[in-house]
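Single-structure report; data block below.
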């Protein structure tokens, strides 16, 4: 059963563009609503309490109630705020998260634009949304959001390079940067072929979307509400949406690159994609419920001294494997790679711990 | 840091002047916003579906910002913890910033030194906002009403919608108070002033 | 040419999610490093000591409940002991045991809340706090069974306690004592080995024992720095000399040690309650004391080991039925003297953790 | 058990050092206001009283009474000083330079009683705001305590 859509399905090019764009936006918006509901229910269950269940069956309408209420609240612009920047920042933060979805194949053929520079496009666009969050922190003329904004930039820069290098490992493995080709090459999902690359990419994505243990930007115990302290009404709705659409796009990226986006035995492609995406988000929620927050200098040290060398090492091993023994039998390459990456992680962690003790001893 | 010493002294004197001004200005309680009461009696309430939808949304997602002052704080935390879960009514998101919150829960004794902060917090909240005065100290100063530094009741500083008696009120009483506030929100209408 | 930067003043103000009440720190920040801290008190100053002079002796007992509202029963104890010493009232043995049991239960509840809100400051999104509050609710049920109130109990009287324990209290307490060590192990497994928690608390906010003694810290703050000083052993008030329990102390006085000391003290309190329940004699739980008690003229100072430190009560009576002067030594206020020395030079994120590990309750700080 | 120091022997020793003025009563040692700092420094250095437990004040019709409780944690010994100062311009030397723990407690007494602590590093109101007129814990305070709205 292969569910696929032929490249020139509705005939007219523009019509295909509009239809797929509408499907993509509907997909992101509905999964954002589901993520909001899921977050509040799952975190409540982790904390042995119920979570919203009065708004509709099992609290399903809770996300709708939240959005209607936020949209109809008064929209306060602080007097000393930089008016234009204050108005533009949420848009700059939200739009790139939708643009990233254009490249991700939801189903065999259901892809807005099959760019052959897909990976480069994603790395570039994901930085722009972080700029939007930075501007929203600066524009509000609030000291807490200023500290939050500076932390956002520090985290973005330090986690950008490991993310791109982890993706470079994939590109070398399957020879092209276009996502549809990467997904085609994933008869065996890359999580098994390149586990070290998956770990690095997962940590980098967690830092990009500011989720625990890296939620320093909106650290509600230190910086009241981080960058969105001064926002209310519709602008805050956009920022609240950005927070969740980044989570949607982040988990979509992880499923696209490492879990074989829509490849699965019986079910149609898009169902497999959503199942894998929700599984990744569940893992993110599990982290949010249990892990404390890192300090900004600890997260940057992890990025520069931890992930960067590991991603370079991952690149080295993948290129070694593709050049010298390209057709190594699977039952050797997968366990071998897992063992090597585990050893490397342990060695590097011991080295970092010894170096940290000697530095502050 | 010398500049800090002068700066903090200057900040200190400006703040204490603000406290004295507020203390002089608020000798009489602010009338409660109960415009919706006589509306109901007059029975000419025109209820549109827009009102119903808006009131339902505002009722089910009341995000509290808490003026955590004294003992009632821990009964409010008890109410939002695992046993009496306030999150069931959609009130779980404890927004620390007043801009996004729409319910100010005044839990605990208000002193004159704290009054300007509560006034500023109320003014910063975005418009459809409600206030719950929780506990005897919030209603009338309670056991400390005779003290030289206690404001006899939050309604001197901010207009209060629902008063919850008790010292501290049990979480069930708090949930009943929130239920009365939700009934009140159901009856509001965009066309009428609050 | 170095980039010209200037420090900016940030108000970790009275209404902040992690200041445990209305406490304000005017912090001068250079980037994320703290240059200067100016604590501002008084946002919950209700003039309690002036009101004590207005009410009679018995009317003051509910006032003392509102001092440190997180461990309310322990506040009555020094005040009631002071009046008993002045009035020459000897407390029956059963009442002493009841006070010890309720005091230790309240200590566990207060430590649960202290450690829970410390985890909140560290970023565990309310999870550890909710678990510990679930256990605190069990203790609140026990105390409600005894005194009828959930948070401020008004439980102790001169010459004993207000009511004897109902019949179903002891089986409920036995169930709680059987279940609680399991929960404490659950917290240990979730929190103590957590790599991020270790990196956030080990070596942060280090207070040497000399600085702790010089800054007259008391309670888990003092014991966290390695000073073995606990009034239950050293001043041996009430019937504490009949129980054997040990005093946990930390090695290098950082946030992690204070967290360990509080977790360990909860286990010791369980041991004390076990022994107290076994040795509790039958008999009267309260001596009949006249309502308008007029204790003898004179002054007295009594102190107990409250969860936050040495809670003392200095009472002066002039023979009438109202106290002439009643002062409470607030351990939380005195523990804050060392805040400025601990915070300068630390980062903003660490300052919140250090402040959380000091564990104050504003009712006691501002009185 | 916390043993209290032998006040008579302490009074004799302090008399040799700083001259007249020390009278030992049953449970405390009366110290003249101007000698408090020297006596406290002596007791801290010589007898290893390293813990400043508490200081509090009481307002009597003709005098202010300050009660200091100093402890030595290592030997578990307690010493209580009582200082009598006049009501006109009450001033006592501050012990904040000897023990860090004394600073906030002395600020609180200054705030609520109006007793000056000379030599205190940061003596200003701790719990009340600067424009608050009068000192509330004095017996002659005309605040709102007894129902008189001010």
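Observations, loosely collected:
For reference, chains read A, B, C and D in written order, and residue numbers begin at 1 within each chain.
Please note the rule applied: contacts are C-beta pairs under 8 Å (C-beta built on N, C-alpha and C of every residue); 3 or more make two chains touch, one makes a residue touch a chain.
All values reported here derive from a predicted model rather than from experimental measurement.
Of the two chain pairs examined here, B-C and C-D, it is B-C that is joined by more C-beta pairs in contact. Placing every chain at the mean of its C-alpha atoms, the farthest one from chain A is found to be D. Centre to centre, using the average C-alpha position, chain B and chain C are separated by 29 Å.
Centre-to-centre separation between chain C and chain D, using Cα means, comes to 25 Å. Remark: chain A and chain D have CA centroids separated by 62 Å (rounded to whole angstrom). Per-chain Cα centroids separate chain A from chain B by 38 Å. Residue positions of chain D with contacts to 2 or more other chains are 128-129, 136, 141, 143, 145-146. Multi-chain contact residues of chain B, defined as those touching 2 or more other chains: 81-83, 94, 96, 113, 146-149. Residue positions 16-17, 42, 45, 47, 50-51, 54, 130-131, 134 of chain C each touch two or more of the other chains. Chain pairs that touch, as defined above: A-B, A-C, B-C, B-D, C-D. Interface residues of chain C, counted against chain D in their complex, comprise 41-42, 45, 47, 49-51, 54, 211, 213-217, 227, 229, 234-236, 299, 301, 310, 312, 314, 316, 324-325, 327, 329, 333-334, 336-338, 341, 366-367. If you check the complex, the residues on chain A that touch chain C are 43, 46-49, 143-144, 147, 150, 212-213, 215-216, 219-222, 224, 288-298, 360. Per the touch definition, chain D reaches chain B in the complex via residues 124, 128-132, 136, 141, 143-147, 149-150. Taken together, the chain C residues at the contact with chain A in this complex read 8, 10, 16-18, 29, 31-32, 119-127, 130-131, 134, 190, 194, 196-197, 199-200, 203, 347-350, 352. Residue ranges on chain B touching chain D, taken from their complex, read 12-13, 15-17, 19-20, 27, 112-113, 146-149.
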